[in-house]
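Look for chain A in each of the two complexes below; its partner is chain B in the first and chain C in the second.
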Partner chain A sequence: MQSNNHEWRNDMRRLAVVLTVFFLALALTWTPAQAEETIKVGIILPLTGGQAAFGEIEKNSFEMALEEINAAGGINGKKLEFLFEDDTGKPEVARSAAEKLINKDKVVMLGGGYGSSETFAISGVAQQNSLPFLVNTGSADKITEQNWDYVFRLNQAVSEYPTGLESFLTEVVKPQTAAILFEDSAFGSGGAKSFQETCDRMGIKVVLSEGYSKGGMDFKPLLVKVKQANPDLVYMISYVMDAALLMTQSMELRIMPKAFIGGGAGFTLPEFAKNAGKAAEMVFSATLWYQTLPYPGAMEYYEKFVKKFNKETEYHGAEAYAAAYVMADTLKRAKSLQAKDVREALAATDIKTVFGPVKFISYDKKINQNKLPTYLVQWSGGKLELVWPKEVASKPYVFPIDWEKVWK
Partner chain B sequence: MDVLIQTLVSGILIGGIYALIGLGMTLIMGVMKIINLAHGQLMMVAMYITYMLYEYLHLDPYFSLLIAMPVLFALGALIQKYLLNPLLKVDSILPENQVLMTVGLAMVLTEIIRFIFHSDYRSVKTVYSNATLYISGISFNVPMIVAFGIAVLLSAVLFFFLLKTDLGKSVRATAQNKDAAILMGINAEWITILTYGLGSALVAAAGTLLLPIFYLFPDIGGPFTLKAFVITMLGGMGSTVGAIVGGVVLGIAESLGATYISMALKDAVAMVIFLLVLIFLPGGLKTLTKI
Partner chain C sequence: MKLPRWSTLIVIVLLLAFPMVVPSDYYRHIFIIALMWVVIGSAWNLLAGYTGQVSFGHAIFFGSGAYTAGLCASKLGISAWWGMLLGGPVALLVGLVIGWICFRLRGPYFALATIAIGEIFRLVATDWRSLTEGMEGILIIQTFRSKIPYYYLALFLAGASVYAIHRIMQSKWGYYFVAIREDQDAAEAMGISAFRYKSLSLMVSSFFTGLAGTLYMNYMAFIDPHVVFSLHDVSIMAILVAIIGGVGTLWGPPAGAFIMVLLQETFRSAFFGLFPPWVSESHVLVFGLLVIFVIRYMANGIVGDWPKIQRLWTRKNPMLPANDGN
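And now, the complex of A and B:
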């Protein structure tokens, strides 16, 4: 009886082992089977760290687009899936995130890349591994100037930011002198250099051009120098909170040029006006996009985003939303999901998005670069209004500006 | 001349707040002999408390001092009692376990706050946020002056506490020689709890005072932990007078560096001073004062 009992127990044990193995095997075969149903694309954004606020706008926009794409049938019947990785605003983290997405998750293409330095790092990895990478925000010129045929850029390069501004300066502001303040990143110094060239070409004397490291608390030492130089124009390339502090402290020091112009980035975000208060009033900024522009779906995207997240969106979000649609379009047209075919399909892109028409061309030293115009916006009554070029303006520009009255 | 004076003014005013940040860390350093690498993050938590009070109860940030400081005192005391002190009793390979714990704490605090508030930038815009006094062309930001004043006041209270009260003397005794203090009947464990609480409350005050002029997001703690560390080293580890001098020196050095060298090199200027002090005055500024 005892031996019987023993045998019975042994049998049960064997059964348990067999069952476990069976279920494990089932689970193992099940996972890849399910994974095959979706097409994976890796998106790298700063989701933590100092730039997380922008990363969040972009992630929300990517997800909003993803929902719509999948609701409309996905990619030829298969569902599209975005795998988000956090680059924490550091190039070395961005690089390892890209490597992980390529080697472990086997994504078919990469997207995202917020800061220029991070984007550049991801671009290097993508090119090395021959996997297409669609940049939607990183704007340092060098990203598309490396002859990297797997790197494509949907947004304007930073040297293009002042183009929309040029005609405004010659026709309206007519400045003699300018000061340039910029954060000392790839994005900031690149933008400062190209604006300096713009000034040289237009005969504007640059009396001061100085960088700062972002996240500063006290910009007065820098602004005191601006006040002493007394320029007609102050051009600033800054992220949002630096931008807000630069303006509030300029107001405190009573620096009164003919115009303050921001070079995109921080100056167009709703947080800028919220944090700078009345110091944000009448400040101009270059921008890459505005919701009233006559692009199909632009206003709908803006309204849907505001409704869904109860927060405003701006050009960064539009870039991400447009990028998601470019990716979906590319993957639909690709002959196969091989990197080579996806690259070919991406290169042949020619669609209209909320961010404007997307078509990758080569010009100057750049390859695979989308060329779009830039615009000028102005803060007025706590709202951002498109003021230049005149044909598309949502409100006439305010100039000249009586700072005493604005800052009272 | 105006440029120089304006630079010095903003340097000294910022220096007052730096001193307050450094004081807390230096106290903890003195008593526990550890670097509190969660210092900036505790300040961030205090800033969020102040922000919440302003946003939902419309409480003026200066009144919030009376709430943020006790809350952070309690938080700091709990951290010391339940997270740091138990580590002392465990034998382990690394004697710096408590420091590692503060690093972990810093991350946990940041991520909890991010979970609740997301990564959005927030700020408290009071009517006086941009109020400015002008004295012969030099501008003085009013909240900065108030912050400076309160920082001086708090430092004075701290000194009174450390020099004149029994409890304060016990804190100093524990810092000077823990074993002797225990032999004299001082409850060292309770003193460590009190000190960590005090350090947290002081940095909470700094954060609250900063809020009307600065802004807030979950990752703001890191740079301030670094600043506090530099100030603590500058002042001579554990020296309270040194921390105050160190804070003001750092503020002025950063401002002068920003004006006369380049604002891009502001942090580099601070680090160069830090290195020079380590090389030529390894004991920090306190070796000059003998206090």
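And now, the complex of A and C:
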């Protein structure tokens, strides 16, 4: 015991030295920013954890927009500053982050909000503290259905994701039966519910609707059921790894519906095509945005992002980029930086962004909600192409699809 | 290990005064979360630390409590505060049934069974949409705008659970629990019904964990199955809180709860902005290293190994025999 104790003490001493040096080095590399007067806005995103890939795209887009805004003179001469906080994909951490930004950093408004659960947590704090919060991704319908007058949403609600493909289904695919596969999250089950309603309205019979736990390793038991049901259409709501695996295994099982359609999220990310390879070919997906859409700056944003980060961007990035400009516009117009005035200015927003025109309206049960159409994209030759509506398509759609040839 | 009475008093006075002295809602929020973890960690410790039945499924009871409160609001249309009365008993009943089934198993099998049941609860809550709203979750509106009522409620629950466990461990039950932990066969030979006392320990533990769940529902105002039935964020966190603080000690889990919650937040916010932002980007890594460090060098937790830490600072003669009080 004695020698052990001695060793233990030596170990502890060494460790203490290492730790001290480490923290000193940290402190030295850090020079606090000059006490320049800036306008602070808090942005809460998942920067670690399972959703970090989306958080990264959004953070990069926010920062890119911030540079441009400040280079163009900032907010009426003052510099805009974004304070990023990591919600780690947990609602109570999202709440901590929101409380910190409001109480400690004294931000004038909040942005971000990725996962629906975390967005709820942030919304609650924002509403109680009467501080405006602009949601740019969290898509559960309920978020803007609470009569929370300080919560605004830039992006479409999840129930609206399939609206853009309705006309495509009636005019082109004309399916009789459909199968719906969805991850068991608020986003997944909400999207499945609204697609079910779409099918009911259009007289499409849903032969299978099943949820799965995200991050699955093997979807074959689920896909065998799909094969047996033999639907005309397979609609899937999944994040990126699940999406890639679902398509790879569908190819292996030779499931050949008239069309595979993804409900946004994972199906539009470049990682989907990278992981699924040729199984990604000809897959359709609903999307909220595409770079060739006739919105001012959309293509420029896309090209600049690719050049700067050497990576493609998609609708999540565009949402973040647009949100930054909406906030800058709001703060420029606000009578003062008091929450009440900022809220008033945000409510009166009417600008064109890369993500589309932004104007907050009330409809159905929602308030402070921006209303935008949704679109359909298709993977073709390893590239994502906008195919519907026809007037804005970047490439004509490929249909019907000869799966034998595509998967050869 | 027993702390002298005056230091307990100082801690109580400091905690009572905290929200009055510190006006920031941000720090109050962190303390509310920490106090909630005091309840869960202490409850886990009663079952695992004192009775020797390691559970990997405390999310079952946390989620049962939270959903009881949530369903009061969403299905019965009454205030989620009624859940504070109902949530504890409901979790206790769940614990009773689980104990009745699982305490036929010993050692690692009990731990494995709790993982499985935890996952079953999560999946049922996810798929039983007509009852639980599935992953869309249950959303209520917080009753109080101020954090102070929530703070004192959390403090009361934390105090009540620590005190109750303290009293239990001084009673006959406590000795039976420890006897079962040390040697179940010997305890049974002495006439202690291991099944009954393991079940009692589990019931008390699930009761307090369920109460913490109802507090979470009322305070956070939003739950979904992945949040409250999470293996990683609830069940494992409960274990970490107790291990870091000290398994089988009264003050270990409370200390562990504050250390875990405060450290996590400190790293996440890059030492409240004192350090460059990349520190916060690597917070998960740093935090993991810290946990490894504590487990490697302080196997009995911070409270359990307090004498070791004291010796380190006071530089007493290291050749003196260790008085770890095993």
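By our rule, the second predicted complex is superposed on the first by the 372 of 408 C-alpha atoms of A that agree within 3 Å, B and C clash if a C-alpha of one lies under 4 Å from a C-alpha of the other, contacts with A are read in each partner's own complex, and residues count from 1 in each chain.
Convention: a residue touches a chain if its C-beta (ideal position, glycine included) is under 8 Å from a C-beta of that chain, and two chains touch if they have at least 3 such contacts.
Predicted, not measured: the structure shown is a model, and the values here were computed from it.
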Is A:P91 touching anything from chain B or chain C once the two structures are fitted on A? First, second, both or neither.
second
Please indicate which partner A:A322 is in contact with in the superposed arrangement: first for chain B, second for chain C, both, or neither.
neither
Quick check for you: in the superposed arrangement, does A:S185 touch first (chain B), second (chain C), both or neither?
second
Tell me the contact category for A:G55 with respect to chain B and chain C: first, second, both or neither.
first
Contacts for A:N103 in the overlay, against chain B (first) and chain C (second): which applies, first, second, both or neither?
second
The answer to whether chain B or chain C touches more of chain A is C
After superposition on the shared chain, which partner residues are touched by A:K142: those of chain B (first), chain C (second), both, or neither?
second
Examine A:I237 and indicate which partner it touches, taking first as chain B and second as chain C; both and neither are also allowed.
neither
Tell me which partner A:D218 touches in the superposition: chain B (first), chain C (second), both or neither.
first
Is A:G277 touching anything from chain B or chain C once the two structures are fitted on A? First, second, both or neither.
first
Does any part of chain A touch chain B in one structure and chain C in the other, and if so which residues?
47-49, 184, 211, 213
Can you check the complex and tell me which residues of chain A touch chain C?
1-2, 5-6, 8-9, 11-12, 15, 26-27, 29-30, 47-49, 84-86, 88, 90-93, 95-97, 99-100, 102-104, 117, 120-121, 124, 128-129, 140, 142, 146, 184-186, 188-190, 211, 213
State the interface residues of chain B toward chain A in the complex, per the touch definition above.
2-3, 6-7, 10, 14, 111, 114, 118-121, 123, 125, 129-130, 132, 139, 141, 210, 213-215, 217-219, 223, 254-256, 258-259, 262-267
Hey, which residues of chain C end up touching chain A in the complex?
24-26, 29-30, 33, 123, 126-127, 129, 134-137, 139, 141-142, 145, 216, 220-222, 224, 226-227, 233, 265, 268-269, 272, 274-277, 279-281, 283-284, 293, 297, 308, 311-312, 318-319, 321-322
Counting only contacts in the complex, chain A reaches chain B at residues 47-50, 52-53, 55-56, 184, 210-213, 215-222, 224-225, 228, 240-241, 244-245, 248, 251-254, 271, 274-275, 277-279
